[in-house]
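There are two complexes below, and they share chain A, which is joined by chain B in the first and by chain C in the second.
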Partner chain A sequence: MELRKVSIRQAAEAVNSGEVSAHQLIEETLNNCSVLNEGLNIFTHIAGIDALEQAKAIDRKIEKGEKLPLAGLPVAVKDDICYGVLPTSFGSTAFKEFISPYTATAVEKLMDAGAIVIGKTNLDDMSLGSSTASSPFGPTVNPWNTEYTASSAGAAAVATGVCMLVLESDCGGALRQGASHCGVFGLRPTRGRVSRYGLNTYSSSFGQVGITAISGENIIGALEIISGFDGKDASTAVCKDRPTGKNNVPDFEDLRIGCPAAAFDHLEPELREEYEKARQVYADQGLQFIDLDLSLLSEALQAYYVIVLAESSSNHSRFDGIRFGAAEEAGNLEELYCKSRGAILGREGRRRSIFGTLLLRKGNYDLYYRQALRIWNLVRREFTNALTYCDLLMLPAVKTLPRLSAAEPDFLDSWSDDLFCAPVSLSGLPALSLPAGQLQGIPVGLQLVGRPFSEEILVTVADRVVREVKFFPYGNS
Partner chain B sequence: MINMTEAGQGLDKAIKVTKIDVALPEQEELERELHDFLQWLKPMLAVDTTGAEQVLNGLDTVNVMREDHVRQGNLAELQEAAPDFAGGFYMVPPIIE
Partner chain C sequence: MEFEVVIGLEVHVELQTESKLFCSCPNRFISEPNFNTCPVCLGFPGTLPQLNNEAVRQALTASLALNCEIAYFSYFDRKNYFYPDMPKGYQLSQYFEPIGSSGYLNIEDDNGRPKKVRIGRVHMEEDAGKLVHAVGGDASMVDYNRVGVPLVEIVTEPDLRSPGESRRYLEQLKRILQYARVSDCKMEEGSLRCDANISLRPIGNQTLGSKTELKNMNSFKAVEKSLEHEIKRQYDILNRGEEVLSQTLRWEEDKQETIVMRGKLEAHDYRCFIDPELAPLELTVEQVEKARSALPEMAEARAARFINDYGLPEYDAGVLTSSRCLADYFETCLDSYNNPKVVSNWIMGEFSAQLNNVGLEADQCSFRPKELAELLQMIDEGVISGKIAKEVLEKAFQSGKAPRTVVEEEGLLQISDQSELQAIVEKVVNENPDSVEKYRSGTTKVIGFLVGRAMKETGGKANPRLVNELLVKKIEE
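Then we have the complex of A and B:
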């Protein structure tokens, strides 16, 4: 079965009906993983016997007449989300062999539905980035052009067809930018929709668990399974009863899409041209565009970085060689902390912790941190106001093509890559990255942003437009 | 208005507070990066945020609170459930010898 060509519903049906066994599917997938990983560096860990044993267990359930919505389907999990069977490195060599004593709620829900975790996907140093360029395990190579990074290993895994779904973290847009650069779909759900229990995030305010898949249909199928209140995460909303059915999607002709034209001025002319073409295709489908002003995009990005630096300085303080991470040889306690933290955190982690601490110092706290929190408020207002007269917002997903695999980007250039995604993270709204075109053989994605808990609308619009205009880079599946 | 020099001078202290061993070449690099970073933040400082509250929680959810008033329970029932009751106090066996 070619996983890129079927939906999760069709694939699960094939397993549930006995057309193909879960064991057969997983065995074949694991073989493909090993081959692909040599060239693309997608996985930090690949499951072996455990995944095959789980597949056998699924087959036994099916023999007994049980039907599972994700029966035997191969999925992967980004390596900052805990899974109690494989190591969870958090993107640090210090935790390369760390096995979490528990599994994240979202992963558990997928497994309860019959999915099988085939591996953990690569990520930046402590997940601090949107390119995998700073990964201590080396960058993930873009399957479309091996000179470039994939930005997200999960997106590369889906694009190559080795798994049907990947659960990934998204703070400032790693998931959405990765989906864009690999020509797949990536959803950052409404804040509170999916449990964050088991997600090791540097930012308590913005880190979320999202889904990467080959189609919007697969995303919504997975979202229905993993969303809902979780007693282990007080920030989850009771949203199982919220409507997700297709009945809630307005007619295309009634949909108004807000598009901040000025935002596109930040793009290189070639990239801008791709986006303009995509926008025209949406207009040809009958969608109405409303020009709007999101005046604070750049300032929102800066505020985002002040907040996440402050939060990562606090969240990463536990990696001290005593609570977490290996202790270095030292003559006294102070030295042990300093040496161990210096070794556990990579260059980006050290930079963020130090700058974050500095921003929270007396004097800087009011000047930078409080100002950033107020801007957060203004940004939320801007997005909320725009969605009172628009049904959706359309933004670019990326500012540039992905990084060259060999390049070590300037840190501010890297942070600026989040220009279109980080402000959406501040808004707390759901955002879907979807294929919109290609530039120099690399896919380019758009970002649709909706009202809270309107993921079904985002996905339905995206699936229809992508299907009808053949943006889908793998054929009109 | 932003005082770049003061913020930059805080780097040494921040490194100390963060408890991270940073080699001298990296520290010099961090000084340059900090300067660039603070320059990069300047537009954010210029935003007029008058009247904007700080966001302290990214969620719009609020606590569901019940009305705070005294309810008349059945005292006799509660006393019966306790191991012992004397002088207005519920008596329980000691748990630490």
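Then we have the complex of A and C:
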């Protein structure tokens, strides 16, 4: 079965009906994995025998007449999301052997639906970044041009067809930028819609579990399975207040897309041109555009980094050699902390801990942290306000092409890559990254941002537009 | 120069919940180290805290019992610090917004006048683990059983003026929290911990002098003693014209003196910020009013009721309500023996003496209220004398046997058999002709002496009323 050509519904139906066994499917997938992994470095761990065992268990269930919505489908999980069967490295050499005694809620829900985890996908050191350039396992190579990084290994996995779904973390846009650079779909759901339990994130405010797949349809299928209230994550309480049932998708002609033209001025001319072309395609499909202003993008990016640095310094303080990570030889406690933390955290981790510590210090707290919280509030209001004038917002997903595999990027450049994604993270709104065009043979994506819990609308629009146009890199399924 | 003593107390009490503050581990003491732990309280990466609603209810109850204003909207903050007793690297505590503030409780000052002690804040936080230093080794070990146990911290304004007031404040606080059933407040077991801030200033001065902080007091008595010790030390320093250094002192119970723990009281910079993983704590008016109306009757109200309903003297009511369990004991006993003053006398006298001997509280001994009632009934029935009853109580208290069993086994039944007593009466009359003569000549009060002789003859078992009757009859024959 060519995984890029079928929907999860079709694939699950094939397994449920016995047309293909889960075991066959997984065996085939694992073979592809090892071949691809050699060239692209997608996986930190490949499940192998565990996945085959699980596939057999699924086949037994199906023999007994059970129907599972994701029966036997190969999925992968980014290596900062805990899955108790395989090591969870958090992208750090210090945790190469770490096996968590628990599994993330979202992963559990996928598995309950019949999915089979075939591996853990690569990431930046402590997932601090959106390029995989700092991964101790080496960067993941972009399947479209091996000179470049994939940005997200999960996106590369989906693009190459070795799995149908990947659960990935998204803080400032790693998932969305990765999807953009690999020409696939990536959803950052409404904050609280998917449980964060089991996701090791450097930013508790913005880190979320999202989904990467080959189509909007597949994303929404998976979202329905992994979303919902979870007693283990307080943020999911928003799901309880939400009326159940599906979102009604309005007629295409009635949808208004808000497009902040000024935002596109931040782009290089060639990239901007690609987005202009994409916009024209949407207009040709009958979607109405309204111009509006998102004036706080640059401030939002700064506020995002102030908050994220502060939270990193706190979230990473447990990696001190006493509870987590190896302790270094030391004469006293302070030395133990300095040496061990210095060894466990990578360069970016150390940088963020130091910056975050400084930002939270008395005096600085009011100047920076409190100010960032204020901006956060303003940004939230600006997005909410914009979505009273339109149904969706359209923004670029990326500012540049992906990083070159060999280059060590400047950290400020890396941070500024999040210009279009981080502000959306602050808004707490759902955002879908989807293919929009290509530059030098590498896909570029755009983001559709919707009101809370409007993911169904986002994917419906996305699937319909993408089907009609030639820039979808995988043809029309 | 004359100085005024200024004391403020910071008290931590453990709440009596089934489980810990942010996970489902039992909130119970266990000697095996690291037994009551789970990934959440051990701060495993990817886990999230879940707030225990029962702990919130108890903290709310404590705040109301201490006459506090309630914060309808509060949250938990992270206090960041590096020490092995906190696996996450930070403590979750209500630093910015305590659940209760601006409360007070009433005590008596050193001259017996009523005094209001202001309580600045009551806030929730999680307890830390315990460092254990290996005997004879150079290793330190950590026991995380206590990590995450729910605490409330209760901080007074600098209103206390003497060690005696401080002690009475603690006794009153303990009584209130026990009455409110939120903590057992056993300082010796660590479920109540107290730090004291103390300074001296010239009488009439409004500004506070430089203070020291006292730690490591293991009993109310130790708090009083350490304060006395510290007042004297500061007094001597000031009288020599020197300055008191701001420092943290540790009370050494064995030596009855303090040693310097930390130099200058530097304000720790805990880099606090609102925890982004827990939802804000919102209380509804209904919740608060429900907790307020569920507040149990406090000691003062109960004492007033004992005076009104049972006709007890003020003294008795005060003693019986000094602890909730003693007052409960009294009232339970009344259910089966309805003579309040008699019950009160026995509880304040013999029963309390037995408790003091073994250092137990009323709810911890095996001599239950129904046993006391049984004992008192036996006196009324003439089965035993009041004198013998004291012996029976002591034996029943120590052996755990029922009073009736003790009476039977020890042959303490009262002699009410006329023929048996007649012989003794005759013996007493024959052996004490002088007293008999005195009686006959009108000094009738010697009858008491003669009854006493008869009681002695029977080892206290004779029914004194009957002996008196028989003696009078015999002498007047």
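Criterion: the second predicted complex is superposed on the first by the 466 of 477 C-alpha atoms of A that agree within 3 Å, B and C clash if a C-alpha of one lies under 4 Å from a C-alpha of the other, contacts with A are read in each partner's own complex, and residues count from 1 in each chain.
Operating definition for what follows: contacts are C-beta pairs under 8 Å (C-beta built on N, C-alpha and C of every residue); 3 or more make two chains touch, one makes a residue touch a chain.
Computed from a prediction, not measured in an experiment: that's the story for all the values here.
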Checklist entry - Is the arrangement of chain B and chain C around the shared chain A a clash or a fit after superposition? => result clash
Checklist entry - So, does A:D320 touch the first partner chain B, the second partner chain C, both, or neither? => result both
Item to check | Partner chain in contact with A:S298 - chain B first, chain C second, else both or neither | outcome: first
Checklist entry - In the superposed arrangement, does A:K56 touch chain B (first), chain C (second), both or neither? => result neither
Next on the checklist: Contact-wise, after the overlay, does A:A237 reach chain B, chain C, both or neither (first, second, both, neither)?
Outcome noted: both
Next on the checklist: For A:Y337 in the superposed arrangement: first (chain B), second (chain C), both or neither?
Outcome noted: both
Item to check | Which of chain B and chain C A:T357 touches, first, second, both or neither | outcome: both
Next on the checklist: Once chain A of both complexes is superposed, is A:F90 in touch with chain B (first), chain C (second), both, or neither?
Outcome noted: second
Checklist entry - Which partner does A:V306 contact after superposing on A: first (chain B), second (chain C), both, neither? => result first
Next on the checklist: I'd like to know which partner A:L199 touches here: chain B for first, chain C for second, both or neither.
Outcome noted: second
Checklist outcome for this item: chain A residues contacting chain B in one complex and chain C in the other 205, 235, 237, 313, 317, 320, 337, 357, 361
Next on the checklist: So in the complex, the part of chain A that touches chain C is made up of which residues?
Outcome noted: 80-82, 88, 90, 100-102, 104, 196-201, 203-205, 231-235, 237, 310-311, 313-314, 316-320, 322-324, 333, 337, 357, 360-362, 365, 369
Checklist outcome for this item: Counting only contacts in the complex, chain A reaches chain B at residues 191-192, 205-206, 235, 237, 296, 298-299, 302-303, 305-306, 313, 317, 320, 334, 337-339, 341-343, 345, 347, 350-351, 353-355, 357-358, 361, 363-364, 367-368, 370-378, 380, 411-412, 428, 452
Next on the checklist: Show me the residue ranges of chain C that touch chain A in the complex, using the header's touch definition.
Outcome noted: 39, 42-51, 78, 80, 82-84, 87-90, 142, 269, 271-273, 275-279
Item to check | chain A-facing residues of chain B, complex | outcome: 2, 6-7, 10-11, 13-15, 17-22, 26, 30, 33-34, 36-37, 40-41, 43-45, 47, 49, 52-56, 58-61
